[in-house]
Amino acid sequence: MNLTLYVWRQKDAADTGQLVRYQAKNISPDMSFLEMLDGVNQELITTGGEPIAFDSDCREGICGACGQVVNGVPHGPRKLTTTCQLHMRNFRDGDTIYIEPFRSRAFPVIKDLVIDRGSLDRIIQAGGYISVHTGGAPDGNAILIPKQDAETAMDAAECIGCGACVAACPNGSAMLFTAAKVTHLAKLPQGRPEAGRRVCMMTEEMLKQGFGNCSNHYECEAACPKGIKARFIAKLNREFVTAQFT
Amino acid sequence: MFLPASSVGRKLVMAATGQLMTVFIILHVAGNSTIFFGNLNAYAAGLHSLWVLLWAVRIVMLPAVILHIIYALQLTVENGKARPVDYMKKENRTSTFAGRNMIWTGAVIGTFLVYHLLQYTFQVTNPALSAYRNLDEAGRPDVFLMVARTLQQPLIAAVYLLGVTALLLHLSHGIQSSFQTWGLNGERSFPFIRKGGSAAATILWLAYAAIPVTIFTGLLLR
Amino acid sequence: MTLDPKIPSGPLTEKWDRRKQEMKLVSPANKRKYRIIVVGTGLAGASAAATLGELGYNVDAFCFQDSPRRGHSIAAQGGINAAKNYPGDGDSVWRLFLDTIKGGDFRSREANVFRLAQVSANIIDQAVAQGVPFARDYAGYLDNRSFGGALVSRTFYARGQTGQQLLLGAYGALMRQVKLGSVRLHPRSEMLDLVVVNGHAKGITVRNLVTGEISSHAGDAVCLATGGYANVFYLSTNAIGSNVTATFRAYKRGALFANPCYTQIHPTCIPVTGDHQSKLTLMSESLRNDGRVWVPKNKDDKRQPGDIPEPDRDYFLERKYPAYGNLAPRDISSRAAKEVCDEGRGVGPGGRGVYLDFAGAIGRLGEQTIRERFGNLFEMYERITDENAYRQPMRIYPAPHYTMGGLWVDYDLQSTIPGLFVLGEANFSDHGANRLGASALMQGLADGYFIVPYTIADYLGRTTPGTANVDQQEFRASREEAAAATEKLLCINGKRTVNDFHRELGRLLWDNVGMTRSRESLTTALKRIPGIREEFRQNVAVPGSGGDLNQELEKAGRVADFLEFAELLTKDALAREESCGAHFRSEHETPDHEAKRDDENFSHVAAWEYKGDGKEPELHKEQLEFENVELAVRNYK
């Protein structure tokens, strides 16, 4: 199939950037979205153009490196699917596709579709861990964890840190990302001792990094390729309240 | 940490003050509905005889309204800054018109509130119809007369409809949002609360809109 | 050069304790005077950087990804082995050791493997303490499963994302150290060179992938945890960015490269769909617990799988390996699949695929149970192939997945360059000629959390801190060389894209140095690789400049190294005149087509020394001594 692409091209952080039109020809429905872009790039290189810069690494939906806003939706039209796992059979011959970077003040564009997500690392640095030293940990079965809690922790821990939640949020908030880590660790007994401090430090850092505030639109949940639930934000809020009043 | 310095803290204040106002709005419409049973004046007189309670409510509501407005402005400004370059194409999947325009519906409600207070509490917009000047047969301030005569005017009726419609939109997002912000929801109750919030807002709208509509159309006869 | 593995004396079970007791320590006050460079932030790199930071060293951590959370360890699905014996099914450190040695087809170092089995239990404890949400049973205890053909249940798992959860645990520990100031993070930085001063590894030269700036970083020791080189085949289950550059440049600076020909081909990957394919996706090996592998008996059978009756199906793994059946080890299963496809009985477009059928399991256990076990994998399969594996069998085919070879290290994980430590998949030490399922995560974390933090102290304790600085001649020269190499790539202005060359190289290797190798195929590859490399040097098209983000330039640098490294890999395969584990030479097979080892002549590690551009590398041998296990023929029948 043949497609018309409007791709965001931006030389560097200082450039204003604009959408540029490209034709993607002879696209196989079995291609992934990124393979389609690979093809466009191959042609650009051989015809003397500059290829479109975009991030990707594992290309199996787990590393969180890829991410583009495809037709106004982070990671594109298919639910629970990262851009690298989005296949072209989700599009039709003759479609026009708009491709933009994840946009947020906290995600400055480096080039084209490549953004700097270091702000998410800094939120984790503020407290997204359990402060345990290597060695001397008690036996793994010394702490019993109800299956239900372990499952909820795992539901939250599946976050891949791609930033689609931020990209989707009308407020550019990183609340779902933050809530996923807070919930993951708050659900486990090992994480309880630091739970209050963690939620305060992480939400404070989120604001400091330039992310917006959550106003419960749940666009994040709809965009999350890993199905992280907005109710984890409620959990974060509960943790925050508990931290204030205990 | 000082609560309002944090993102979540300010939202908690927004949610708490919002919930307080929602409770007020529910009580207010309950009181107002006496108009349909012909005893609005009795209700008004009774309310004023409980002046301690009345002032207590006013003293609580005033700072709630002010805090709600201040934080609304601050959060909105912050949220606006969080995405300096907007998308050329953006599809909204779960967010609603109401949710994205809280600041505007809030502004309409705020403006309307000022007008509403000037009209029926301070009674300065239509001095001739002031309830204090016109007493009913029982010698009570004729609130009904004031309300009925003003809402018979198309422009005023329209303003009231606009005001309560803004309220509908505001609450359809605000109610569920406040539950989420306080974490007063669980996996199973979450969808229910989301729907319940909109349903409650719609019921409140029907109750509020009924007054100008029935008066203007002449359905509500003395 | 004689290769001294520095294996501690004494009985196997006491070697590691003994070594730890002998080792020098660095006093707490002195630790902050030492700077350690860690390259790579996958499991091994992140766990090492975090632990070294905790201990008080100054650590600089580098990764080419935008965040240290993205190392390809994150993609490991199945689990991590540990000799905990929680299920009480007879597991022990000894048994894990034996399984790993046997799985590696007796081509790994006994002492290293034993230590790996010993510390495996600590890894689980550490990960649990970090909040890794391993699967639990209803009583709240850790759950285990049997994996990759093991006869005991010793695999711990977090749904199908064990690697992700373990990596995020290590990443969390690393982020904590970054916050505390003991670790400096350098994301989007690609190592281009190792700097050796007076014979000791003292730093690295990196390119900032955003600004293009080439800079050096000096330290007192360097840890490479840069993963494997399966991308030499172009199509593999590795991440797009996975590369050999860091280890290969270290090799060029004098570190020996060991056993490059040991490349593991994973049996359960989604088949290739066309030339556009940029990578292959692995489906967890655990699928083989319930799925049955088959192809039609008749090569002209073009019926839909559901229409092929039982008598016309060949469940070839069950037929050939009745004891292990569908759970036969990776190398054996992969080769068996290739064989039936070579016979023309492969399924799907292109005929390179075999069925993995769940119909029986669904009938026996119900669709719901299968959904609970593998739901996410079935979804992934559907996303990629548009086929519903509940209704029709999956199609799978082997793909390059893991590389057992790597830089040669001694028992302390130190390479032949003093001060250069190599961790995880980047080293060669623990998996021999074939890695068992759920062992890679174990090794990466063992190296990073529990081994290198001890052994590096022994080196640092004998080293004066802070002797190197980036203004030294060696550093300057390294920067200049790296800049010149980058400039050279940009100046070629050829006609063919980097991907094009990479694909050509990959296909050549896959066809000739892949699952089955012969003297003839290896010679063919050796003849053709230099040609591709030459053309690359003349005709590659690398657009843009070196002064900003230039992904084609990054790829070009990596592919340039693959083009050289491929030759080393092939030479090693040619020199190893035996079949062992994943290395299968068609000249060396038993009458029933199984791998035939030659313990008399090849029970050694082949470690290659770089002798200069265009010169033959020199082969050094480290004899493998087996004092505790009896060399046996692997038998999975």
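Order of writing sets the labels: A, B and C. Residues in every chain begin at 1.
Here is the rule we go by: a residue touches a chain if its C-beta (ideal position, glycine included) is under 8 Å from a C-beta of that chain, and two chains touch if they have at least 3 such contacts.
In this text the structure is predicted, and so the values were computed from the model without any measurement.
Enquirer: Determine the set of chains touching chain A that also touch chain B.
Expert: none
Enquirer: Computing the C-alpha centre of each chain, which chain sits at the greatest distance from chain C?
Expert: Comparing chain centres, B lies farthest from chain C.
Enquirer: Can you tell me which chain is nearest the middle of the complex, judged by mean CA position?
Expert: Minimum centroid-to-centroid distance belongs to A.
Enquirer: Taking the mean of the CA coordinates per chain, how far is chain A from chain B in Å?
Expert: Here the centre of chain B sits 37 Å away from the centre of chain A.
Enquirer: Just curious, how far off is chain C from chain B if you go by their C-alpha centres, in Å?
Expert: 63
Enquirer: Distance from the CA centroid of chain A to that of chain C, rounded to the nearest Å?
Expert: Result: the chain centres lie 27 Å from each other.
Enquirer: Specify, in ascending order, the residues of chain C that touch 2 or more different other chains.
Expert: none
Enquirer: How about chain C: which of its residues touch chain A in the complex?
Expert: 47, 50-51, 54, 65-70, 72, 74-75, 84, 86, 122, 124-131, 133-142, 156, 158-159, 161, 164-165, 168, 171-173, 175-176, 178-179, 185, 187, 210, 237, 239-241, 273-274, 276-279, 281-282, 379-380, 383-384, 386, 449-450, 453, 495-497, 499-500, 541, 543-544, 548-549, 551-552
Enquirer: In the complex of these two chains, what residues of chain A are touching chain B?
Expert: 6, 8, 17, 19, 69, 71-73, 98, 100, 103-106, 109, 168, 170-173, 199-200, 203-204, 206-207, 210-219, 221-223, 229-231, 233-241, 244
Enquirer: Please output the residues of chain B touching chain A within their complex, sorted ascending.
Expert: Chain B residues touching chain A: 1, 3, 6-12, 75, 78-79, 81-96, 99-100, 102, 173, 176-177, 180-187, 190.
Enquirer: Would you pull the chain A residues touching chain C in the complex into a rising list?
Expert: My answer: residues 11-12, 28-32, 34-36, 38-39, 42, 44-46, 48-51, 53, 55-65, 78, 80-81, 85, 87, 89, 110-111, 114, 116-118, 120-121, 124-126, 128-135, 137-141, 143-147, 150, 153-154, 157-158, 160-161, 184-185, 188, 190-191.
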